[in-house]
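The data blocks that follow each hold one structure.
In what comes next, subunit A is part of two complexes: it sits with subunit B in the first one and with subunit C in the second one.
And then the complex of A and B:
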């Protein structure tokens, strides 16, 4: 509990966390502009909600938050203070994950709900909000694990988001089953019942893989933190 | 203390050689920056990310050359190449720009630089120049690779000359890309002292603008909005300049010169903000 509190304060108490704020505002602003120009709902969903919200804002917010909760402590070296306390490593990881997932989920799901509700009513809004919460949890677990596995988590995360999800999963269809972005799209379609946008994976695959991402990410992070060696800044 | 203390001459001497001045220091900084961009002279860990990016763009060039030599068809012209790999170039920026400027802020090594005969603006400009050249090399390298491949498979001398003209055009487009991308990226990275945050901020700025611009273009149809909107995305601004210079890219109507002007203003603005930033930097 204390760990969660400290993490949340370390994350939100600094000036740089306000960097996250413009992104949700841009999302709502662009939707408003689109509606003002009488854009068809399908275009708005495809361009704004999926193109901007699900493909850019959700992964980037989760990346910044997810690598920030543990990565910044490892960078500063203050992680030693937590590691030397008699707390199970799994609890450290879990509380970090809860904070990261909550912060990213709130930052993304709320504006997504507003934007989607403006486009296609409350049901679509709920669909996108729920899908973004699920996506935020999976992404947070993934990026949290990255911040313990590698010393440059943000860059590895960027490569995953930009190259894997951005380029490959749109070209090579097989990689879609391991792309959180496509799970989120599927969830959004499933919950809202909307047929305005195309999905690429089946519900079962999306649900199972999201759980797998989350569990494996958490487990990997815990394992790595068990044998974590504190080193100074290298390379 | 004995009363027989002596001062020995242990041979300290003044430095009497030539003193290499400001120009030399700035040049060294530029050279070092360029080497850092590709991880040369650094550990293997520092080489991983730049060379992943270089590997990807080279692979693309090799594929293009292979298709060209087999079927004779140019699937990707010299000028199309930069826009095709612009997302990968953005990853390169997110890797290199923080490496160039954020480390010095983080490790507080700036006082060491500024105690040398360089001015603060020299430092900022040397770092910017290093990144511009590095990004240009990243974009122009595969173009040159394609040129070499096509030149050797060309039928006659006039074919080679045509390829060379195409290559020069490609280099110019790459230079426009390098200027726009680097000046934005260095400015963003110089604000954040942590490499991770600098990288995140660069990607956010580059990626959030493109869906917005994409929507505006879709809404504008064929009207002036669709021709003006691309200006506001770092990915599409150089494409507008390319259309203005060569007429081979997206439709910008009569606004071609405006794209040139916006590019000029953007680069000049970012550079002066960067110089200002280092004038005010806390040491």
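And then the complex of A and C:
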């Protein structure tokens, strides 16, 4: 509980976190503009909800938050205060994950619900909101693990989002089975029942892989935190 | 009462050996870990605190390894050199968070006790990013002490403190040692160690160079042979006269003058002008050639 409290305060107190604020507004704004110009629902779903919301805002928010909950504490050294306590490392990671996933999910799912509901009604809104919550959890676990595995989690995270998900998974459909973005698209289509968009990943694969991302990310982060070494500078 | 036991501990990074086969046993009381910068003090402290795996050997607290063993923090407190704190918390919140993370039954009472111990009650409600360096350091000590650990490790705790804060911290460490805690702090300044601790572990180039009572080590440091470089109007004549003096252990005659090994600093520097005057030699240059702390340490290594 205390870890989550400190994490949340640290996260929301950082200037970088305020970058999150305009993103939901942009999403709703662009949707409103599209509707005002009578754009077809299929175009708005493809261009705004998927192209901007799912492909950009969801991963970006998760990246900022997911690396912010642990990565920045490792960077500035405050993580030592938490590590010098007799707490199982799994509990530290789980607390961080809960905070990261909650903040990301709320930041993304709420505006996604609003934007999607504007385009295609409440059912479409619920579909996107639910899918984004699942996506936020998987992304958070992934970026949390990156924070402990590499010294440059933001860079590696960006590479994954931009190169792997943005580029490769649109060219080579096979890579979609390890792309959170496509799980989210599948969930959104499944929950909303909309036939206006789809992806090649099956529901079963999307569900299983979301769990795999979350579990493996959490497990990996815990393992690495167990053998966490302070940078070996001698002075 | 706890003891900290290092058995043949080494740590290397690739080809660089940071800590080399250190064995020591620390019991209750204050111990100073003294060594020049880069000697491996921080590496050693990190291994003691469970933040670095020894490449060889083991670090034990009451028989339990510190590496990959979070349970050890029940009896261990650490104040590391990086003074990172959560600036957005007040001092009290910071200490209280530590108490909660330790799962103490009465976090509020423990917080009050720890804050009083470091005499920070007046400033405890201010945000930590408004604190001076010394205040922040004291709050970090309070957070490290909140669970009443038997072992307290501090990395360069006096760094950047003004004289008053320094005295405060020294006094605090004294009291903690007197309470029967095992307190270890690192420093590269002899005077700091001398004022706080009874026992000293001297570490040079990753090796344990000397250990024991500080008075003995202090004596070794000041009453060691000194080396001087001298140039004069007649080096050979002066060399002969110097060899006759009790205060001189050896003289080397070189192209650029004399290298004199004196047995004792004071006696030699008093004797030199008299000898030169008697011999009618003019001394043009007198340079003590090994006054750096490093040379003091390296002398200790060979002693």
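One rule holds for everything that comes next: the second predicted complex is superposed on the first by the 231 of 235 C-alpha atoms of A that agree within 3 Å, B and C clash if a C-alpha of one lies under 4 Å from a C-alpha of the other, contacts with A are read in each partner's own complex, and residues count from 1 in each chain.
In the analysis below, a residue touches a chain if its C-beta (ideal position, glycine included) is under 8 Å from a C-beta of that chain, and two chains touch if they have at least 3 such contacts.
No experiment lies behind these values; they were computed from the predicted model shown.
On the superposed subunit A, the positions of subunit B and subunit C stay apart, so the two partners fit side by side. Once chain A of one complex is fitted onto chain A of the other, the partner contacts of A:39 are limited to subunit B, with no touch recorded for subunit C.
Within the superposed three-chain model, A:60 lies in touch with subunit B and out of touch with subunit C [touch as defined at top].
For subunit A, the partner that touches more of its residues is B, with subunit B and subunit C as the two candidates. When the two structures are aligned on the shared chain, A:6 is found in touch with subunit C, with no touch to subunit B. In the superposed model, A:190 lies in contact with neither subunit B nor subunit C. Judged by the touch definition given at the top, the superposed model places A:84 against subunit C, while subunit B stays out of reach. Across the superposed structures, the minimum distance from subunit B to subunit C, using CA atoms, reads 7 Å. Shared interface residues of subunit A (contacting subunit B in one complex, subunit C in the other): 234-235. Here subunit B touches subunit A in the complex through residues 42-43, 45-46, 49, 52, 56, 87-88, 90-91, 94-95, 192, 194-197, 199-201, 203-204, 207-208, 211-212, 214-216, 218-219, going by the rule given at the top. The touching residues of subunit A, when paired with subunit B in their complex, are 16, 19, 23, 26, 30, 33-34, 37, 39, 43-44, 47-48, 51-52, 55-57, 60, 63-64, 67-68, 71-72, 75, 151-155, 158-159, 162-163, 166-167, 234-235.
Of all the residues in subunit A, the ones that touch subunit C in their complex are 1-3, 5-6, 9-10, 13, 76-78, 80-89, 226-230, 232-235. Residues 11, 13, 18, 37-43, 46, 49, 51-53, 68, 70-74, 76-78, 80-82, 84-86, 88-89, 97-98, 100-103, 143-144, 156 of subunit C are the ones that touch subunit A when the two sit in their complex.
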